[in-house]
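Two complexes come next, and they have one chain in common, subunit A, joined by subunit B in the first and subunit C in the second.
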Partner chain A sequence: MNANLRPVRTAAEQSLIDMLDARLAAPPLGSARLNDLRQEARAAFADNGLPTRRVEDWHYTDLRAALRGVSPLAGDAAEPAAPSAFVEALRVTLVNGRPQTLPSDLPPGLTLLSLADAIAADHPLLELIASDGPAQYDAALALNTGFLGEGIILHVAAGAQIPQAVEIAQLFSGAEPGCIFTRILVVVEDGAALRLIERFEGPAERAYLDNAVIELRLGDGARVDHVRVQAEGEAATHLGTLATTLGRETHYDLFVLTLGAALSRLTVYGRFAGHDSHMGVRGASLLAGARHADVTLFVDHAVARCESRELFKTVLADRARGVFQGKIIVRPDAQKTDGRMMSQALLLSDDAEMDNKPELEIFADDVQCGHGATAGALDDTTLFYLMSRGLPEKEAEMLLIQAFAGEAVEFVADAEMREAITARLTAWLALRAG
Partner chain B sequence: MSAVQETVAQVRAIDVDQYKYGFVTDIESEKAPKGLSEDTVRYISAKKGEPEWMLAWRLDAYRRWLGLQEPTWARVSYPQIDFQDYYYFAQPKRAPQSVDEIDPEILKTYEKLGIPLRERDALLGIEGASGSRVAVDAVFDSVSVATTFKAELAKAGVIFCSISEALREHPDLVRQYLGSVVPASDNFYATLNAAVFSDGSFVYVPKGVRCPMELSTYFRINERNTGQFERTLIIADEGAYVSYLEGCTAPQRDENQLHAAVVELVALKDAEIKYSTVQNWYPGDKDGKGGIYNFVTKRGDCRGDNSKISWTQVETGSAITWKYPSCILRGDNSRGEFYSIAISNGHQQVDSGTKMVHLGKNTSSRIISKGISAGRSNNTYRGLVSAHRKATGARNFTNCDSLLIGDTCGAHTVPYMEAKNASAVFEHEATTSKISDDQLFYCLQRGLSQEEAVALIVNGFVRDVLQQLPMEFAVEAQKLIAVSLEGSVG
Partner chain C sequence: MLEIKNLHARIGDKEIIKGLDLTIPAGEVHAIMGPNGSGKSTLSYVLSGKPGYEVTQGSVTFLGEDLLALSADQRAAAGIFLAFQYPVEVPGVANMTFLRSALNAQRRTRGEEEISTPDFLRLVKEKAPLLGISQEMLRRGVNVGFSGGEKKRNEILQMALLEPKLCVLDEADSGLDIDALKVVADGVNGLRAADRAFLVITHYQRLLDYIVPDVVHVFAAGRIVRTGGKELALELEETGYAAYSQDAA
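Coming up: the complex of A and B.
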């Protein structure tokens, strides 16, 4: 509420600041701009710390209370067994944020660079890092910027239509818990197209912290189909930030599947910088046990004639808690904006909880904006109907849950990706049914 | 259709930037020294001749208030309020003993406002009409000046008087319920109110009684630099029913006046309370100068099973509105309703909505909110719906629509939905749009003028809510909507 009212630093905050200081004391890494970015981020974090319930954007996820302690930065570790293929794709594996051997047979127009190499070579694309972030302070993003150094840069040249999907697998590995801060920059130039998959996985028994930021820049007329599968280990804390800036007449579709981590938070900043663009942000969260998963969206209609569609489905079992916060901002010049946002939750247990906060903030009059939110249990009559047709109760339930979540999956344009997501859904349901 | 034409006529008849109730009445008044301290609190309590426990309650609230921070989460911005720059108590010098002794200036004021205080006038006024009568409690600056129809209400056992009178005549009832819905330390403004509230209305409807007439309170801030802090307490005992309306106006002043009221409703088993508000405080001039700061805490407690509380509000005035009439659905099968029209024009800022807290079993709530923004105003709907672990079968439906007129205003929606029970069913929908060109074109080609067409469409937009108002108020509200939007149509 008030910065000078901040209580004393928690142990986690203090160790993060100490780690940042150690990082900044090391010989300068890269350009003056990058070092300034790190210093600013450190100062902002020292001032504001971890967010509490009083910070409106974190109203339902008290990160300050949740982060009891912080383990040291995760070092080099053996590459764990590669996860099974999601879809046929060109795979880049990052272990503890560090890219392993990069694929060499890249299709024309596609460039892959490790962030560390790019920093050493003072690559011109680095100028784009953190150049178009949110105006407000975001603790997860600030920490990531403070530790900036590991990750990759993916560049698609103008007009290139990359035939294969590109998969970025981000894995945690280590005998001890640790922290990862990964930064990914994806630049898709004018008229280019890319199918992108991000995956997050780690061992179930390690309580690691994964802070991952991905920045996407879409040039005029570009198209990106993006699928993000968060299947972190059971005990992990996942702090994800996704910032996309869209040029003119672009098409961007994101699908977020949330399955893992004890505590996860994904903040999506989508900004329209050019008119006549489309952005679709959809997702499904399947949560059981005592998981807490927070998805927070900011869709910023800064220019005229853009369209955005948001649809999130949350299935909650046991004592799981789901959070959806979505904000559509329509700035004064963004006339003819068309924005729709919907969040639906299915509560399978009386101990589950869903918190919905869909917001509209509108400063232009010639717009069509709507949002909706629902929460409820499975419909008894539908269940009864299916059972009366001879389906066992468990199976009927599964079918209904699948149909519920499937409504969001339908929007994934790529058939292969759609099937892969559906397979994950089915696997989750089968596991739950025992 | 006739009502729509009336709306349009009203729009035409009024010049831009005219607030009809902006007159000042010259009354000698007695004020507490400017500023806020324990002495001010003691002064107010002494003036009212309150019992010792009441003073202790006020002082406790004041001490808690000192440790509280002004809330900043609402989407409103205003310069820092200097709480020492207000008078916390003002009352007309001559204390009236009966309606006949009321200072003629005050009577004139209420006549200008169209509030009949004299019963015989009131009776004359409605002779031959449907027979519905309205009992009025008029609050002028800090004190209640008159309450009508008391004798007739007493016959039915209904107590309707100012809260100071209730403290003298029915201290046990007041002590039992005061602060039981909005505790003394509930929030910054409610705590301030608890410390310095000066008057307000008190209603008690006994078991099984259906209140024979509409009850009404009219609030007016007259004095310069005065804060008005009224406190309303309404209790509907088992099986009782009461419909209550409040209206408010203030003179045009350059500086901002403060209004921080608290309303507490208690509905026991099978009781029903219907609370309607037409809020038309001075909104400030066309440049955003002056106007009332309206920081109000309103909460109803459906304490008994099968009880029902319904809030209806038409918000057109105030420079800043910060108001969330809420329902605590504690009793099983209890029901809460919230119908709202919030209109902002000029430089007004509205942050209003409701809270529906489902605690009992099979509770249901319904929220219909219509926001209309014009000029350079900002209009925010902020509402909370929550179902607790034990609130099985909770049901909520929320619909909030916003209409933007012009491209310099803002319309915002911030709903919070917290479901902690699988059997709770929550539905929320919100839309924002401008008056569609198709609709306008259709009306125009049928021969309506632009202004008539806009009035027709706006009236259609808010119809769901207008229908919930008592008939006497519905007509007034419809006129008010037109007046509030004047200058913005066409």
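Coming up: the complex of A and C.
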């Protein structure tokens, strides 16, 4: 039936399909729409499978080759020790995708719902799930949609300015490796504001797979400051997808700190659906050992007069490998677009590697866009300058690495979050310096 | 304080310092004058420990210690300071953070207490205005967006805060207008002390009108070819270096 010339399925692909089939054979969960979404996703995955390096968007991360096997879905597990505070925040903890006791006493305008409860109640917000995804097939997203069932919905009512930061801690727990498929929907209505933190953590010794999708909708005039700290266990595979749709006159700033996982991929889909909006997508990746971290961005300027800023800093030690791919798309109607993308890598070892691929696709004529990428070692002259003032070599290096990453961190508006990120950078550097 | 004997140094295969002898006692100001490319900056780098410079012969003793055995940061802690001919920009490291990290790093290396925040702020507040370094420049990245003259003044500010024993000034006057030159010279003169010495590298006699040397050395082709009093600088201004270059060749 299927004329595609696909190679034989890998063990990992076959187990994922078997797991999807088992899930779909169980009594239907939720509305017909959700079940259709799952079925379509299953069919798309069965047709396309895991991406290889021949798939352009995954050229530097051959997921099909990397995923040797897949462990079963992670079940209920004891709640692990809570991670230390990042900044003072209202914390929601998800263990293996399942929300633990939700905080009571929420500020007015903020609603938190477990996805399972929302599905059972056929909540109207579910309509927004997977309603504005990418046009092209995305394996990580398709798998997540196929297993759709666990996660959380966060809703901010129109005009509400949530005073506390909200932290979603996503933890893996289990005596055996497992896989998690978590779906998060964040809806920030017109004129509302939210500071959001996402954290990913898990035990160093478990080779688990964490597939996490977050969809954000910003209503007109909304503002979201989003910090994402990926500190998964050292043996983990992290497949993250972040899809944000911005209304008119919105302000969205994302900062991604990548520290963990043996293999990680984050795909960001940012789409401007309303005029005069700002989107900042920035981050720092600190990679040592044999870590592989891929950050891939699609910034879609679909309408006029929007501004986007993308800045990623990657620090690579040992044999680590970093990937940055970024595409700014300026559609024919998106006149007066202002888009700037930059990826910079600092290589601390001869065995480290960085692949940079920033791109522009411009279909409008009155726009200002630019992109660039650099990769290089610490500058010897600068290092000597610092040492000649009395800084020992390691300390001088740390100061320079911190300064390098700091150029992205400084765009985080919230001072507390900036400090918390800087503290993580310092801790990473201190650990490396021994 | 500083004793250099028969120093030979090279970069790669190229020998640049060729048998240099120089002694600077504590409390004195020595000037080194010499033509372009003669190796003056190289000497300053060899003294401050820049990697890539290989000493093939000779010795450098600083306060009784073998200077060449120390790394650049250890030399700084021991009291060597080099005001760079071309100060380096360090984006992302605030000038203030830099000054403080440097001062504390030196203190740690020497086994001393770190300076307290209020003491440090007081110190900066006292010294920075004397060199025309504003609060805004202290917050900016080290030398980032500074004019040529501002960079030079910032070097002297670092020197004033770190209180080294031997100050090596590599063309502290280049790129300075006459007012800035006075500011820099005042900064240097304010640091003159019985237990501190200076090695002032320059092309022009002009700087030496303001920083009056005790001894002037003529440097050509990698070594000192003549030594005299401050009047030697005036003589060089008249005759130029041509005679010495031929001499060396």
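As a convention for this text, the second predicted complex is superposed on the first by the 431 of 434 C-alpha atoms of A that agree within 3 Å, B and C clash if a C-alpha of one lies under 4 Å from a C-alpha of the other, contacts with A are read in each partner's own complex, and residues count from 1 in each chain.
One rule holds in what follows: contacts are C-beta pairs under 8 Å (C-beta built on N, C-alpha and C of every residue); 3 or more make two chains touch, one makes a residue touch a chain.
Keep in mind that what you see is a predicted model, and the values were worked out from it rather than measured.
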Exercise. Kindly classify A:427 by the partners it touches after superposition: subunit B alone (first), subunit C alone (second), both, or neither?
Key: neither
Quiz item: Of the two partner chains, subunit B (first) and subunit C (second), which one does A:204 touch, if any: first, second, both, or neither?
Solution: neither
Quiz item: A:65 contacts which: subunit B (first), subunit C (second), both, neither?
Solution: neither
Quiz item: In the superposed arrangement, does subunit B or subunit C reach more residues of subunit A?
Solution: B
Exercise. For A:384, select first, second, both or neither according to whether it touches subunit B, subunit C, the two together, or no partner.
Key: second
Quiz prompt | Partner chain in contact with A:121 - subunit B first, subunit C second, else both or neither | solution = neither
Quiz item: Taking the superposition as given, does A:368 touch the first partner, subunit B, the second, subunit C, both, or neither?
Solution: first
Quiz item: A:11 contacts which: subunit B (first), subunit C (second), both, neither?
Solution: neither
Quiz item: With the two structures laid over each other on chain A, which partner does A:403 touch: subunit B (first), subunit C (second), both, or neither?
Solution: second
Practice problem: Share the list of subunit A residues that count as touching for subunit B in one structure and for subunit C in the other. | Solution: none
Quiz item: Can you list the residues on subunit A that touch subunit B in the complex?
Solution: 1-2, 5, 56, 59, 332, 335, 345, 347-377
Quiz item: For subunit C, which residues are in contact with subunit A within the complex?
Solution: 48-52, 71-73, 75-77, 81-82, 84, 87-88, 90-93, 97-98, 101-103, 105-106, 109, 141, 158, 162
Quiz prompt | Residues of subunit B defined as touching subunit A within the complex | solution = 69, 72-73, 389, 392, 402, 404-434
Self-check item: Footprint of subunit C on subunit A - complex, ascending
Solution: 380-382, 384-393, 395-396, 399-400, 402-404, 406-407
